[in-house]
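In the two complexes below, chain A is the common chain; its partner is chain B in one and chain C in the other.
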Partner chain A sequence: MGSVSTYFENVKNAAVTIFEGMAVTLSWMFRRPITIQYPDRTPEPVKDTLPDRFRGILEVHIPACTACSACARACPIDVILVETQKHPSGKGRLLMRFDIDISKCMYCGLCTEACPTGCLRHTPVFEATGRDIHNLVVHFVDGPVVPYKHKKGRPVPASPPPGDIVQALLKPWDAEYVAWSPGEFVERDAGGGDGEKGAASPGKVEGGATGSGSG
Partner chain B sequence: MENALNKQAVSDDLMILNMGPQHPSTHGVIRFVITGDGEVMQRAVPHVGYLHRGIEKLAEGLPYPSFVPFTDRVDYLAAMFANHGYAMAVERLLGIEVPRRAEYLRVIVSELNRIASHLIGVGAMAMDIGAFTPFLHGIREREKLNDIIEELCGARLTYNYIRVGGVSFDFPQGLDAKIRAFLDTFEPLMEEFDRLITVNEILVKRCANVAVIDAETAKSYGLVGPNLRGSGVDWDLRRDLPYSAYPDFEFNVCLGRGFRGTLGDAYDRFIVRVQEMQESVKIIRQALDGLPEGEIKGKLPRKLKPAKGEAYGAVESARGELGYHVISDGTDKPYRVKIRAGSFNATSIVEHASRGLMIADLVVLIASLDVIAPEIDR
Partner chain C sequence: MGDFFEYLKSQWSFAQEHPALAFFLLVVGYGIVMIGFFSAFAGPVTWVERRVAGRMQCRIGPNRVGPHGFLQWLADGLKNFLKEDLIPNAADKILFRIAVYPVFAGVFLTFVVLPLGPWIVGADLSVGVVYLLAVTALVVTGIIMSGWASNSKWSLLGGIRSAAQMVSYEVAAGMALLTAIIPAGSLSFQDIIEHQGGWPWQWLVVYSPATFLAFFVYFTASLAEGNRTPFDLPEAESELVAGYNTEYSGMRFLFFAFAEWANLYVIGAVITAVFLGGWRIPGVDIATQTNNIWLQFAGAAIFLTKASVLVFVTIWLRWTLPRLRVDQLMLMCWKYFVPFGIGLVVLSLFWQVLAAAVPTWVTSAISVLLTLAGAALVAGMFWRAWYNIRAGKDAPVYTWLI
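Right after this comes the complex of A and B.
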């Protein structure tokens, strides 16, 4: 008798608990769904919903870069390549190359913390792709540039909204890979300018990032 | 070893079955070679190493602070603990004091991370047994936690948040209220989760009395964390070897009690995780209430060069004791970093615990141990 009652007790227990679980599942049918269809049916672009501290693809605002290489030293996996050279006039240095391999970056943020002027930063941009992985190396300098020199009491050159610089430099996904070659150095200012011109006029910002060598 | 297994199998008329490395219920890339007499296993031998990345060796070539992002990859479901253990070991090596506020922030993010990890743990266990819905409920709650942590440190999985000497960011405006709002909604949802799966008779019957690990065996295999507590051993680093700000908080250590069967069965380990989430909620509430003002990063020299010596820092991770043994030779790079992770020991007990188990129950055993492949291999 005892075993029979246990048997029916078990059956009843199983039916009740399963029904309870099903009731919970059913109740979710009438609640607001939390799933969002990405990427084409989001209410607003995902880029705009990200928090300020979001660590996306890196970008450099070259007119404010001192070419100190602190970021390259801080990077644990050598993603950043900074090349400098002596200025032809013998005074100061030239920033020859500033490459970030975004396919290799692990978005840890150590480089941005090392940057003294804050010109290197993470952006809300997170979508980048390419048929050729070498296209994901972003070259922030087209030709030799005179690095920024910070003067006390003078503000660091204002930078465009985060993401604009790197978004302009990202190649389309099916672009053919063309090896990078440095442009010619053009003296921007008489007297071996210390990048002061770039510092003084925020209008130079766009040019500094995309084609300072040609300008 | 495999040859030996084959020979024995042939002579004993046994069957060799291969499970993994690409199997949905091995939770990562682990391979099990099962020797079985029909459905009953003689043993299942875990073969590890598919996810070995040489993280310990990488540490030897990097300055002390630069290794922190790599520790994220030790345990990607609970990266805060991995950061914390390493930071603690280096802090002990350097003998630096961490500000109170930083310690409280560490506790808050760690416990949030524990909830996130356990949600996946219990959800994946239910999924392996055949109930898919609870897993989605777990993922849904974890997504909210990811959003909170993303707002705090900018990353959803590989946080790199707890650094040597403190933490990298302070709370942004309004995050405190967001965490409280999450906790308020999380508790009723946890009750709903219990109604959904924890009391479900099918799950209970599937897990109770299956894969029993008694206290002595658990201790001799070096099990830690919820797996050890599921066997009824009262051991929690947060209480027994207090670190960070944990002595300030009141919480219970959840133990397996043979809830619906034998002490130390798969269901006990499941319940311990469910209860630990509720304890974590308590700790977070206390930490938010008592969050002191002040610095978030201690005073550090520009270049970290600890004196010759060694230090061990261990935290109670979601998978138990996660310890870092750091040896310094006086330079700015560690001489050796040894990581002691709970999942490795949990995998090693599979061979013992699988004796006489049905093949279908191996999935329950692996899921109940909540092993995570990158932590086994590192």
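Right after this comes the complex of A and C.
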């Protein structure tokens, strides 16, 4: 092909390809965008579209927690803090503190695999934010509780639908940060019960908790 | 403007008693109205651009601020007002500060000659087209200043690219304009518009094959002069961060962006005036339109509609074509557009001689044929777009609205 015909071939190609390209882009002007407008204009709630085994924010169903700290040991990045203390009556233990720092959690799921009772689990909740990052530390225990002790033949306490516990504990995004302090010891039905009901003397359990949260 | 002032003098006794003061007030008022008007044009165009870009890329674009996101441009403008005006330590501070003004002035000075009606014009200069080419060259001064003063290699490269590009494409743009000026026989925008008629087959774009091709050449060349994609090499973000305005922030950055979008209108308006009949209303002769103020406003509306369509095409082109390489840009200019432009000028000259020799119905028939060709081009575009929509029929259909 001569150079003159190449020259005009180039001009023709440029014109035709620009024309075709513009036709393609124009056709998209008349089509509906595929954007899903998260979060407020989705066809159905985003929570309902999640897969069954979605790993969202962790939650603990405290009435079924044995305070074994297996989760804290399994966590590769020290997200979980479990503190236990000797029961004032001298017999058994008290679960003093169960914190999960969801701002650090990487949703690997190792803790849930370690949990013997299945009280620690991932939920479909995935929305949490805050002005103060310390507000993203979720405290699952307000005050000392008697941990669950499994007895043969008795079922593990039934838990509410996944997500309900942690959703109730998440603070509003603009909440002021207030340092957490352990509350009063309240005798509560820790699910299984271990025959110590009423044995513990009510009253604030002072510090000096034996930390067993290091993983 | 002069004609309007004569009219004012006959109606308003103050203008008779103090003609100088009245004229001064008129000019200042017109300037303020025009700057306000085109600010109000350039702003929403940014919104239009982002919405169109979104739709062409199968997404939505800004839709949160105001109805359909229309007030997004105000929010962005306000944000830029409140931002800190950073000046790099190593920059040439004076040059850095004043570099935005030539860019801004270069774009806004063109509004002096761009007419919206027989009277709605800043000044009907007898050398309007030359003036326009001269003041748009001012933009490149500002861009080189900003590139140099920023003391950043990205900025400098952007500025130099802009200079090379504008100097090159001005040749092609000038040739293409000349092709259309030859039949009009005047450099004044009003004369060029008055030479055309209101109907599409009376426009200069279909006057001869030369002007028909010159329309495309000028459109492409003015895109290159306005630093629009596919010729936005001076601000190629994938290569130069942001080019000449890399170091700018806050209001100064806004001025660059503002000038760029105002320039979109300038591109559309020049093509409308020179090629597409300007403010002429179909079926209304100039005398009628000049004597009726409402017809003048109708003509302005027609002018703005045509210019807006061209602005849309510019935006559409931006989201269709990828950016050219520097060597391709220069190759396109010097090997294709400049020889084409010279050829078109020569062809246009021959056409003048030919048109004088043949009966009028021959030239009219050619105009009608070219109009049909243009209509076929537009229809073909829509037909191809429709074909593309149907080809993508099995794409998922979404059942909720934007």
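Throughout what follows, the second predicted complex is superposed on the first by the 153 of 215 C-alpha atoms of A that agree within 3 Å, B and C clash if a C-alpha of one lies under 4 Å from a C-alpha of the other, contacts with A are read in each partner's own complex, and residues count from 1 in each chain.
We take it that contacts are C-beta pairs under 8 Å (C-beta built on N, C-alpha and C of every residue); 3 or more make two chains touch, one makes a residue touch a chain.
Just so you know, these numbers come straight off a predicted model, no measurement behind them.
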Requested in this report: Could you look at A:I133 and tell me whether it touches chain B, chain C, both or neither (first, second, both, neither)?
Outcome: neither
Requested in this report: Would you check which partner chain A:N13 touches, where first means chain B only, second means chain C only, and both and neither mean what they say?
Outcome: first
Requested in this report: May I ask you to decide whether A:M106 touches chain B, chain C, both, or neither, giving the answer as first, second, both or neither?
Outcome: first
Query raised in the report: Between chain B (first) and chain C (second), which, if any, makes contact with A:A168: first, second, both or neither?
Result: neither
Query raised in the report: Which of the two partners, first being chain B and second being chain C, lies in contact with A:P33: first, second, both, or neither?
Result: second
Query raised in the report: What is the contact status of A:V178 with respect to chain B (first) and chain C (second): first, second, both, or neither?
Result: neither
Requested in this report: Tell me which partner A:P43 touches in the superposition: chain B (first), chain C (second), both or neither.
Outcome: second
Report task. Identify the partner contact of A:P51: answer first if only chain B is touched, second if only chain C is, both if each is, neither if none is. Result -> first
Query raised in the report: Touch check for A:V24: first (chain B), second (chain C), both, or neither?
Result: both
Query raised in the report: Overlap of the chain B and chain C footprints on chain A, residue-wise?
Result: 10, 18, 20-21, 24-25, 34
Query raised in the report: Which bits of chain A are touching chain B when the two form their complex?
Result: 10, 13-14, 17-18, 20-21, 24-25, 34, 50-55, 74, 76, 106-110, 113, 122
Query raised in the report: In the complex of these two chains, what residues of chain B are touching chain A?
Result: 62, 65-70, 72, 133, 140, 143, 150-155, 158, 160, 168-169, 172, 192, 195-197, 199-202, 205
**Report entry** Contacting residues of chain A [partner chain C, same complex]
**Finding:** 7, 10-11, 18-35, 37, 41, 43
Query - In the complex with chain A, residue positions of chain C that touch it - result: 52, 54-60, 316-317, 319-321, 335-336, 380-382, 384-389, 392, 395-400, 402
